């Protein structure tokens, strides 16, 4: 079943058209990676699909429902999560409180009393759940530190953790390994594959690093100047003549 | 199973200090002169004003330059009602002031937050505030530029007995109690679940949005709560000063809470209260240095801003090795 | 009714150019440093008081040339103050919250008022336009005070000079690149701190120039600093903050709105400026033009 | 680690405690001299009005003390700045009352006077205002603890319109430039009323009165108002802008040929404030004043006050606020002589009601009904000149107060 069906997506800034009539589908439980050279429109496509901005034309269906005009927060309620290229965290808050806040948001969405605005301190159960989640990502040692003091890789992991705390069905990861050391990248690839295989999540990603791309993609879409030029099985896409020409044309494995 | 680190939500020092200041305010009429008591009443109102403002400013990260409009709305609306219907219970006229402030801040928040952010939001609120200032100054029912004079202090009717707040320092004590209750309510909002979300919105609104929170709606909440409480402060001031002029809607009056917040430290709940008290002390201390007052107040402010970027409380916290902001514990 | 249109438009332009003279330095400093300088009006006021004193103390300063010379001298003097303010205040405001710089510069405004009061006293003062600008001219059928024309010309001249500087000179381009991305500019070997200082000194010099040129426009009192600042704020915000062209456009627009409002709806003097600012920001939240231009 | 916070609390505590000790200490001084509380604008835009008022009060106190005081006791002034803001004035008033000053004087701004007047009965204090002009003070908002020893718009603008009818019977077309607030409107109301009253009687003509032009307060550009005035058919112009706004208006009006086309110009209350700023550029106009020293030469109080002023400042043209600060002290002195030294509020109120006392403008009588003084209304004609001061007084008129005063209606609005 297709979790996301989008077609005709068009987005233009005053001086430049970034997306031109883009159609994309994301099947349930696939790991769909969007690649393309810088400026191809990957991040804009992400923004449009996640509801951060609205397209000027086109429609997006999520899980059978038309979500084109729904704001990001409403799509989150329906099970979409998203991380950013540069991790966005509450830097002044402790690592623990970052997670507790995400859990409180989840409780609010569920309408549970643990998320009501008049609660002075977060429910004990949420604090404990937060610690467990931190422990499973090896971040429990840093629970009391301000999030701003974390290393780059830990920040990205914490952001993923916040996103997962809401129990999404689909998560959109914008360059999840950007700026990471090779061993960290391999850990992220393993983690993402585990999420898909064990927890049944659907993933939509952008990525620059080809090793990462082919390590986790079950489907590959290539975007160039706002247009999709190929989409399908990663190996097939790799052999596509147009892709070879404009993307791998210079013979390298990196974009 | 791992346990959360021992959280020290609220230390013992802050309530102790707050209690001492409250005690100082509550006992003031017994050991200070009439002028100082009156000034202290104004400072209490300004504390409520600044604490309300900081919910939007220091917590949510919205800079409004038109907050005085809500203060004036509360003051004028309650005074106008009390004057038009003299028999009405005091609590109703106060509630009416707060309601008018709520309606106004709801409307302005709805429009301004939809259209502008950052410095544009600040100037938009400034322009809307100046409009309200001008309209008040041209409205005959509100006394035009000369304002409303001779606002009566109310009589509280408890059925069995009546308390005439016009006698002695009774209205002052009412102000102390009201300021304590309102500050307590604001404290609750600031530290509670809603406050945590508002603080998160200040730091990283996009992340909050992707945690499923309607960010604009929550900014509107902050603006609304802040505007309503500010109007409440205005409504409380009218019977105390017994005269209100359009000056309380002027932009320079909107600058006051910003000043208090930054002076005391906008990152901490009690910062604005400290700022209001210190600023009043500074102004009162220099009141007879005519001609020098601007130099002294300006110099002191500049010094504080340059030498104490976290405000007074932020600097005290840094000196004592605590984090600059509450919540990071 | 028609006979009112031209003079009203002209009066609107005089208001517009006097406010633009004040706003130009304000928007320049904001464009580069992102500091909204509350004290700008205070330094305009100091420029005006300096011009007043020099004109009255030094004999033979009644000519237009001397008047312009004095205005330039005021620009230099206030620009020098800018150098001090940059060292002592602005450099410490880097990286702190916008609202801190607002309060710091508000404190500076108080200091300006205090300084003027202790230097010149609290009495009102008045300065006449120089000989040759005191009278009036006929432009067609229109009767125009020559000093009013002079203010318009001065506003346009300052605008053109700034526009040329920013767009047609190497130093202007460097300034713009620093405004866009100081970090990138520093990588390219530009001394960003020095450029910031140049912008502050230029902005303050514009304040001094505005003070010198506008000294005969209205009475002088320690409250003068606050008189212009809100109008100038409105102009730079409506114009698109940091944008000199936008400020010029906005000044003309708001000047005309204010003038026609005053003449045709006399019951509400002074309200149209704020209505216009609110309406324009509601429809164009980023101002008429955006970015530094 | 919590050391610093605790210290901060100590500092706060100490500050508050110091205030507590200071207040009663000042109150103790009450037994020896009579203390008068002076409140006026000593900073801000109204400072040029409040300063001479204070000087006049100081001169009066010195004179009285030099002559042995009142009933053998000296007078003393406790001075507070109102900044022309009602809330600041309210703090200052309570402070003064707390220090034992029940006799207050001063105030420039009507808003400040109304604010203080409203709290007098509650605080058991008396206020004599020296310049606040609002008609409400002696009408709608009248209370027994309030006194005005100077004139009011009804008297001032009445005398001005009367004089115009006498001097310019051929100019029946009048207009006005009026600041858009209560003071501005009430001056215009009074002037218009008096034009309609005196032109038919004196000039035998019905005046043609144009709608006034309302101006913004504290603006930097008045050219559009000037242009509107130029279009008006009115020849005579009544201007009640004050201070810096008036200077700006006149400065911007001159090149339009305003003063050639609009004559006579009547200025409601600017004393020498405008001419001191504009010097040779001062337009030819009739100015309303509290007091002009040249009009009362030969009156020893007038001559001594003028001499004291010149000695202190070196300036030759004192503003009328000087005599009003002086007169308020003289009124209290006279009242206390009458009570035989009893400075209690009820006694002083009784003594002031109906009191006749001497001043730089000659004897003044405070009406018992509404506590409005019957005092001469002073006007002078000014113009720029090549004199050391830059201007000269060409002519002056003194109209006895009784000729132009309104009937007393305390508690009710003026009947126009």
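Labels for the chains are A, B, C and D, by order of writing; each one numbers its residues from 1.
By our rule, a residue touches a chain if its C-beta (ideal position, glycine included) is under 8 Å from a C-beta of that chain, and two chains touch if they have at least 3 such contacts.
Protein names from UniProt, one per chain: A = Amino acid/amide ABC transporter ATP-binding protein 1 (HAAT family); B = Amino acid/amide ABC transporter membrane protein 2 (HAAT family); C = Amino acid/amide ABC transporter membrane protein 1 (HAAT family).
Just so it is clear, the structure is predicted and the values come from calculations on it, not from any experiment.
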- Task: List every chain that touches both chain A and chain D.
- Result: B
- Task: Could you pull out the chain whose C-alpha mean position is farthest off from that of chain B?
- Result: A
- Item | chain A and chain B: spacing of chain centres that average the CA atoms, whole Å | 41
- Query: If you average the Cα atoms of chain C and of chain D to get two centres, how far apart are those centres in Å?
  - Reply: 36
- Would you kindly tell me how far, in whole Å, the mean C-alpha position of chain C lies from that of chain B? 33
- Residue ranges of chain C touching at least 2 other chains are 117, 122, 267, 270
- Task: Send over the residues of chain B in touch with two or more other chains.
- Result: 138, 291, 293-294
- Which chain pairs here would you call touching? A-B, B-C, B-D, C-D
- Note on the structure: Counting only contacts in the complex, chain D reaches chain B at residues 1-6, 8-9, 12-13, 15-16, 19-20, 23-24, 27, 42-43, 47, 79-81, 85-88, 90-99, 110-111, 114-115, 118-119, 122-123, 134, 136, 141, 180-182, 217
- Residues of chain D touching chain C in their complex? 43-45, 47-48, 51, 180, 213-221, 223-225, 227-228, 231, 243-245, 247-248, 251-252, 254-257, 273-274, 276-279, 281
- As the complex stands, chain B meets chain D at residues 13, 17, 20-21, 24, 28, 31-39, 42, 137-138, 144-147, 149-150, 166, 241-243, 245, 247, 277, 281, 284, 287-288, 290-291, 293-294, 312, 316, 319-322
- Hey, which residues of chain B end up touching chain C in the complex? 57, 63, 111, 115-120, 123-124, 126-128, 130-131, 134-135, 138, 251-252, 255, 258-259, 262-263, 266, 291-299, 301-302, 305-306, 309
- Task: Enumerate the contact residues on chain A facing chain B in the complex.
- Result: 50, 52, 71-74, 76-77, 81-82, 84, 88-94, 96-97, 101-102, 104-106, 108-109, 115-122, 127-128, 130-132, 134-135, 140, 143-144, 146, 159, 162-163, 166
